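Look for chain A in each of the two complexes below; its partner is chain B in the first and chain C in the second.
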Partner chain A sequence: MSLIFRRLARNNPRNIVTDAQILIISSRKLSLVPSLYDGDQDPAPKFFSSNVQILLKRLTRPDFNKVFRKRTNHGFSVLKTPSYKFLTNEELEEEIAKANEKADRLLQMPPVVKIQQHIEDVLSNDPALIGYDTAKYIFTDITFGVANEHRIIIERDPDGTLRSCDHDVRKRLNQAYFPLNGRKLREPLMFADIEKLNSLLDREKYEFVLDRACVQYEPDEPSYQRVTSITYQHVDSKSKYELLRSTRHFGPMTFYLTWHKSMDNLMLELIQGGAVREAVLLSALRQDIHGDVANGDVARTLAQQILPTPVQLTKPETLTEEDIQLDSKCVECIEKYITGTSSMKSQQELALQGFREYYQQLIDLSRGLKKAHGKQ
Partner chain B sequence: MSTKILTLCNIISRPVNVLLKQNNVTPNLKTNFSTTSVSCISFFNKLPAEKLWKSVTSVSNAGAKKGRGRGTGRIRIRDLNRGQVIGVGKINMLWPGLSAPVIRGRELLKQQRLPDDQERLEKLTKIRDSMTKFRRIRLNPIERGWSGSKLPGRSLGPPDPIGEDEFTGFDTKVLQLRSLLIMKGSLGRTRNFQAMVVTGNGQGLAGFGLGRAKEAPAALRKAKNRAGQKLMHFEIYNGHTIYHDFFTAFGKTKIFVQKKNEGYGLMCHRAIKEICQAIGIKDLRAKVEGSNNLQHIVKAFFIGLLQQRTHQQLAEEKKLHLVEYKDENENFPKVVASPSEVRTKDQIQKNETLDFTQYVMKDKVILKKRKFPRFYETMPHYKVYLKKYEKYRNHEKIRLNLKTEYGEVKSFLTDKYPEKAEQEA
Partner chain C sequence: MSLPPASGTGRYFARAAKSIRLIRQGCTNRPFFHISVTHRRRLNSQPVIEQLGSYDPMPNINNEKLVALNLERIKYWLGQGAHVTNPVAELLGLSGFFPIHPRSYMTAWRNRRTERENLAKLEEQKAKEATTAS
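Then we have the complex of A and B:
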């Protein structure tokens, strides 16, 4: 949170009042304060709404070379020999469709939900059992086929109270009876020790941290939200978004930044990288979540036009007239966003100006080429 | 030989003693002199060492032709006087003018007996025996070939430059060096050396050459330079392997070559391995069947490599897309080659081979040998062992986990219930 404050302070000269306090925070070594989804508002309905899901998936900018990259040797000391097939056009299309499905599975985003509430459910109180034993008794229903979250786990305290267990006990017992692959009974040191986590983050092992957090924790656990929040803030402060693009964690990160209204650094990165269409999508996302964007409806309608176009993995070399039309609309939309909503006005304006100049050159080049080829 | 001579010595010395002992028996004489004249004359002290040695080591002309007097058990001529100096003997005497200077400083040295050197005899035998031991040619491990100090497998460096064209980046490896016997009208049976080498730059250019000469180095040089003149270019897939599996043969030699993924290495005949290194192929498996003739293996492998088709050529032949599936990439269909026009499903004939491996191997199938269980696995004690050690199967993992958690092998119960030995202490 300190980071968010700092950026606000840097770009909004109006916030002079809090300047002195903020200086104290920012003068410390980069220490990130985790912010959990623990407010009154539940992020789940927004996150799972189809609009937001589509926008987040598009903003992930999936590059199949990265999605299907080699991660491990799959337990083999030597990689398996590749296989080859002769395919007709139709068969190839089928295979590509299958690969797209697989990519969807690989890019499925970890859910963003509200933090869990304590379970305080006293089933019965039997004072007759006081002093029967000094230990707690825990009863677990290990019937096959019951989901972990619906499993009945109750405890009998020494004072005779019979009640449902809290989440931490439930997790331990579920893991003891039905172990999940990769999940440890005790919290791994990389999450428990903040020094170790910071060292990993400084080495930019963001994907590793987030992947392991997904295995170790449930999405509504405070620890999960703490770890992911710190990681997202670290990525944001270093502007290393490229490391998480084409992974399943980019969507939740964008959602996190937008939810806390600190996505202007990401917006800046998008404009600097020339991805104006994605910048419009980001402002449309903010409109969907908060509804506080200047001319947000324009951004939304523009997003509907952008979504059918193919994902731009690299900067285009030539442009069609439709592209030029769409991009100029996007630039206008972003301009309004910057003047109306942004908290990093000067930098984003500068970046947009740079993009305009570059784009004008590109337009001249592609129109000149068209003329040279004699097409109208 | 030395033992022979020593035994001869014993034989000679024994009769002398016997004679002396016999003389001792005469009562009139108190001294041990012998009255009879003993003439110690035999071939042994009459002939010079050279002739004695010859009598032992020489082999008849016919025997030499058969190969006698060579190889193991061969007798070599040795200098038995090695390490001996005039004036120095069993008794350590100082002889001024012989084993020492006459005047040392201002003092005139006198003949005198010095304390005996106990290790003298040992030193002498050590020096004498040092000649007979076989001395191995020491080679740097990097320079070694396939076997010891033998030439096959060793590097010869790049071929000699032709004019101003130099073979930079090339290296030559010896594949075979052997002697051939040729009959000639005037000279009879003469010996020739034949060498086969492969040269390459590790980036797709390679060639092999055969050279014959009277001497081995000349044969190697000829072969090397011929190999440099016969370079061929080979396409390497992704800079590490061949384009596809193939079958190739030359004479009675058959080779099945398989494409492999990165990190597999070269699992093949050592000659094929050297060829692959010369070309720059890093991963491949090859099985040689039939004749093991090295020259045939080399020729067959080169022919097979030359008959390879690139993926684009294969796609054009079949008029179908060629798609690669890699397990490490989640079997993502990667189109490696597309033809200019693609056939539809109706245009494919029913009896056409569509399986890629079958197509490139030209319907040849590699024999996969059945794996038999290890000799102990069928025995009853192995079952006992399995049963006995089943309960320990996870202990190593648990120990490791405990060490990571507590720094030693202990659990959360150790503090409550310590070990008995510790309690007593």
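Then we have the complex of A and C:
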């Protein structure tokens, strides 16, 4: 942004753009304020409860074409050619089960947990050691087979105090002695420099940012929660949810938005896309997390009916009577949600009205088709 | 020249006396030490029995000196009756694994003494300058 202005200023000298103006313009984009999970309430028990996990996984709406897409050929010197096979029905089912398992692994959500607390654990204090050295001594126990989080890492300060290291030092030393693949010892510039992060977000590289944040940070680090919350808010403000669907980041994003009670834009997008069942699941999710939805129990029982049905990735062409019944129940449920809890009432009502009209046409069409085919 | 083998290649005699010591590995003007267990009668340039850790005596950009200790193996070799040299005992003392080595206390109070003396000298100089100026 600022580059364009500088070029403008260079091209026509009459148009004087001072540096101060440029600064104001570029800082206006930094309006996203990260909100961390640092309150009194711990999100982890809610996030890991089986109800919420199932809802979040279903809301991801995994499309296998996207889940198993080719990303890079990094690490493969030769690309494998796909193999085609004739399979019996049983074998095919087996293969599908395998693919489902693989997709589950690929779509495993990064955990949502409370922000970490500082470690303040003084082991001993020996004033007779003052003056021994001007530098700190840091001792790492490199015993084989100890997990990074349980490793003993302690420091002897110049004032003779022996204490456990804080998280940032622990992370640095763990990375120095036991490097994790892909993690950098220094914070990458794309996270450290807010301008660079914003530029990535403006180019809608959300998945790249979130994937790299997962590698670089631990989920309870303030930096991780800052980067992800900025990214989620950016996605939310641009309504680019489709870019994160079928990825492992959609669940945590939905959880984040619901936790901060700002999921109405997502709800609107779902209704506009005709995914009323997912919209009901979203209100059930809010009921599970906050318990403040107008007819939350109805949404919950409806969610139990929706979950066994297959995910509708495309708009259906014909409808069965059960579908119609379920969808009309969903529409009723959402209507109550909109009047009771929503903060974007008029837009969502409009979208719901649009859906109703479209759905009525679909019902007429499928019933007419049935009649024409001579079925009841 | 290939690096001297860090661990595991030295010949091992069960009943010979062992010693846990610092073995200099860095290059000219850049010391770096391995904490290794080897036979007491063996030179530092010879292959060791096992490497137990490392010590970097030059502070890094955060003004820290990094020490790595494989405590499990150190315990094992201590149990086998290995002798610990003074510099290693000092490090283990600072880490809280051993009691603090007397030499650490000595270094500390000597450093404090020199600092005190330096301060006194500075003050003397200042007093002298003040008298000559007036």
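Odds and ends about this structure:
In the analysis below, the second predicted complex is superposed on the first by the 338 of 376 C-alpha atoms of A that agree within 3 Å, B and C clash if a C-alpha of one lies under 4 Å from a C-alpha of the other, contacts with A are read in each partner's own complex, and residues count from 1 in each chain.
Keep in mind that, in the parts below, contacts are C-beta pairs under 8 Å (C-beta built on N, C-alpha and C of every residue); 3 or more make two chains touch, one makes a residue touch a chain.
Everything numeric here is computed off the predicted structure, so don't read it as measured data.
By the touch criterion defined above, A:Tyr177 reaches chain C but does not reach chain B. Shared-chain residue A:Thr88: touches chain B; no touch with chain C.
In the superposition on chain A, contact is made by A:Tyr132 with chain C only, not with chain B. Within the superposed three-chain model, A:Leu79 lies in touch with chain B and out of touch with chain C [touch as defined at top].
Against chain C, in their complex, chain A makes its touches with residues 123-124, 126, 128-144, 152, 154-156, 162, 173, 176-177. Partner chain A is touched in their complex by these residues of chain B: 244, 258-264, 315, 318, 320-330, 332-333, 335-336, 342-345, 348, 354, 356-357, 359, 405.
Per the touch definition, chain C reaches chain A in the complex via residues 53, 59, 62-73, 91, 94-96, 100, 104-105, 107-109, 111-112, 115.
Residue ranges of chain A in contact with chain B, taken from their complex: 64, 68-74, 78-92, 95-96, 98-99, 102, 106, 186.
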